[in-house]
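Paired with chain B in one complex and with chain C in the other, chain A is shared by the two complexes that follow.
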Partner chain A sequence: MQFFGGSEISPSPPAPTALGNNAHMMYVFNRSGVCLLYREWNRPLHTLNAQQDHKLMFGLLFSLKSLTAKMDPTSAEKGNLGVPQLPGQGCSFHSFRTNTYKLSFMESPSGIKIILVTHPRTGDLRDSLNHIYNLYVEYVVRNPLYSAGTPIRSELFNTTLDQYVRSIA
Partner chain B sequence: MAPVGPRTGDAIFSNVERVNAELFTLTYGAIVRQLLTDLEEVEEVNKQLDQMGYNIGIRLIDEFLAKSNVSRCIDFKETAETIAKVGFKMFLGVTASVTNWDADGTCCSIVLEDNPLVDFVELPDTCQGLYYCNILSGVIRGALEMVSMKTEVTWVRDMLRGDDAFELQVKLLKQVPEEYPYKDDE
Partner chain C sequence: MAAIYSLYIINKSGGLIFYKDYGSSGRMDTNDSLRVASLWHSMHAISQQLSPVSGCLGIELLEADTFDLHCFQSLTGTKFFVVSEPGTQHMDGLLKVIYELYTDYVLKNPFYEMEMPIRCELFDINLTQAIQKDRVVLLGR
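Here is the complex of A and B:
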């Protein structure tokens, strides 16, 4: 699995003009930076190979989180930038928006990170990300044959996810 | 501000699908029975039950977090309360209490008055060293490890051994800080 489009987890991208097709792509990471799932619905441009792309995304989130915590004006208790934080320490961010896309982010206390990249005009997706976390529990974690920390290969999960994402974004 | 999690697990408990309690109790009994037959040594059975619990715990934590909407606990005290009041209710249908805090707040006891795993059970003379419910200590250890808390969980009181309650001692060994997982040159 080196390049996008060639792997078995990439769905055939739906027609970009279809209604409710504002989601570009989604990532699920675990705490140790393993990309458990990558889904892509509408992404015309790929500049990096899959592995580099995942690493870049994870690095972006990690750095952004430590920056937002460092900038927090409400808390005096913070270490130096880049010093590892204890779980629960520091604030976090929910989303950021550029002129071409919006990135929504949630992280569970167990270190599961869910990232959804959508059209910049999409509203608050925090509840939706929470719902996706619930889907992940139902279709992945509860599967006794899934071993933790490995890429998710579940057709059922992918289908449910596609359907749900189409309905929100 | 993150949403505050529930104080009890009652609401979630009433919404989840449940199985017959006897089926559950007897299934667990059958597992322990089989382990005793397979491993022969009571000590080995204790270890195996703990390991099985650990494997359950590292999965159960995500289900717990997703369903309970609990966000991060501020400290270990809140964590212990959440396990006792929300966690035990959600998955076992019983409530536990937290007592015996040590001075620096890193060690406490979770006390269970009611334990659905031990209905119908009496320890025979040959199994006196068995911690019949050792799966529970494994679950707690596994679940807490996934939220970056290394703990040591041991049984202090066990009704099957003639005590008046089930008491689990949970000791926080360390909290693991979040580190960047990739090396620079990778």
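Here is the complex of A and C:
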């Protein structure tokens, strides 16, 4: 499994903060760990530079998926820790919450991972993530000028996304 | 009925000091439970790095398809986490009760070495009672 892609093209720069947007930020990764999209609406604290931040996020999700598959109390037969899981194989988590943020996660069958970071009292965002995935399919995948595995640079997608995320919160 | 599948206690360096499984088919052998505990310790720390605002203390709740994981971190860095059925209520309260039992029966035990695996009979007995009581209370509702 090859990770992080070969090129160092950075994802589209974050738009100036859209006021009134309650979500903090959003990531979209493909199955190799290439960050296809990073949107930032409200992020006062930046611990690492962008590249490291994306890699850390992907690494965290990869390991958490491995952990949940192993810790699944309802299945007796599991692989070893650290074995990469196929999308949909084994138990996967859909969100985690800390005292300062809530991270909602969704993985499509093709390995596209959508992550939305919001304030901690947000409810279940699985349907919203599904909707965002549909937006991705409509505006990005069906765009004949878009090549898979490259960062998304579509103004229309960004605007529609911003509007939708504003409506969730 | 709300079910607790298992309980883990890890010390401040991430080593597993207590693991109890309450009847799940996902019971793990010692090596796996040690690995899972260390992995959780690291994930907990990394989640603090990725916070968009300052003051993050780490993951408190992880929701998966078939289970929820509730974690409580004491001020000294000892983590107590419980794997339960999705949607189980009042796990935070239970974790605080377990923390109190830990301070009473483990830390105040003069023969207990800090950061070592817990082998205190009174702790086990009282822990089982606390978890049973939790079940009875929930059944009675």
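Please note the rule applied: the second predicted complex is superposed on the first by the 146 of 169 C-alpha atoms of A that agree within 3 Å, B and C clash if a C-alpha of one lies under 4 Å from a C-alpha of the other, contacts with A are read in each partner's own complex, and residues count from 1 in each chain.
Just so we're on the same page, contacts are C-beta pairs under 8 Å (C-beta built on N, C-alpha and C of every residue); 3 or more make two chains touch, one makes a residue touch a chain.
This structure is a prediction, so every number in the text was calculated from the model and none was measured.
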Superposed model, chain A: greater residue contact from chain B or chain C: C
Touched partner set for A:N134, first chain B, second chain C, both or neither: first
Touched partner set for A:F62, first chain B, second chain C, both or neither: first
Which superposed partner A:R142 touches (first chain B, second chain C, both, neither): first
First, second, both or neither for A:T100, with chain B first and chain C second: second
Chain B versus chain C as contact partner of A:T74, first or second or both or neither: second
Which superposed partner A:V117 touches (first chain B, second chain C, both, neither): second
Contacts of A:L156 with chain B and chain C, given as first, second, both or neither: neither
Touching both chain B and chain C, residues of chain A: 59
Interface residues, chain B side, partner chain A - complex: 58-59, 61-63, 65-67, 69-74, 146-149, 175-182, 186
Touching residues on chain C, where the partner in the complex is chain A: 5-6, 24-26, 28, 32, 35-36, 39-40, 42-43, 46-67, 69, 83
Interface residues, chain A side, partner chain C - complex: 24-25, 42-45, 47-48, 53, 56-57, 59-60, 63-64, 66-68, 70-76, 78, 81, 91-101, 103, 117
In the complex, chain A residues that touch chain B: 31-33, 55, 58-59, 62, 84-88, 108-112, 130, 133-134, 136-137, 141-142, 148
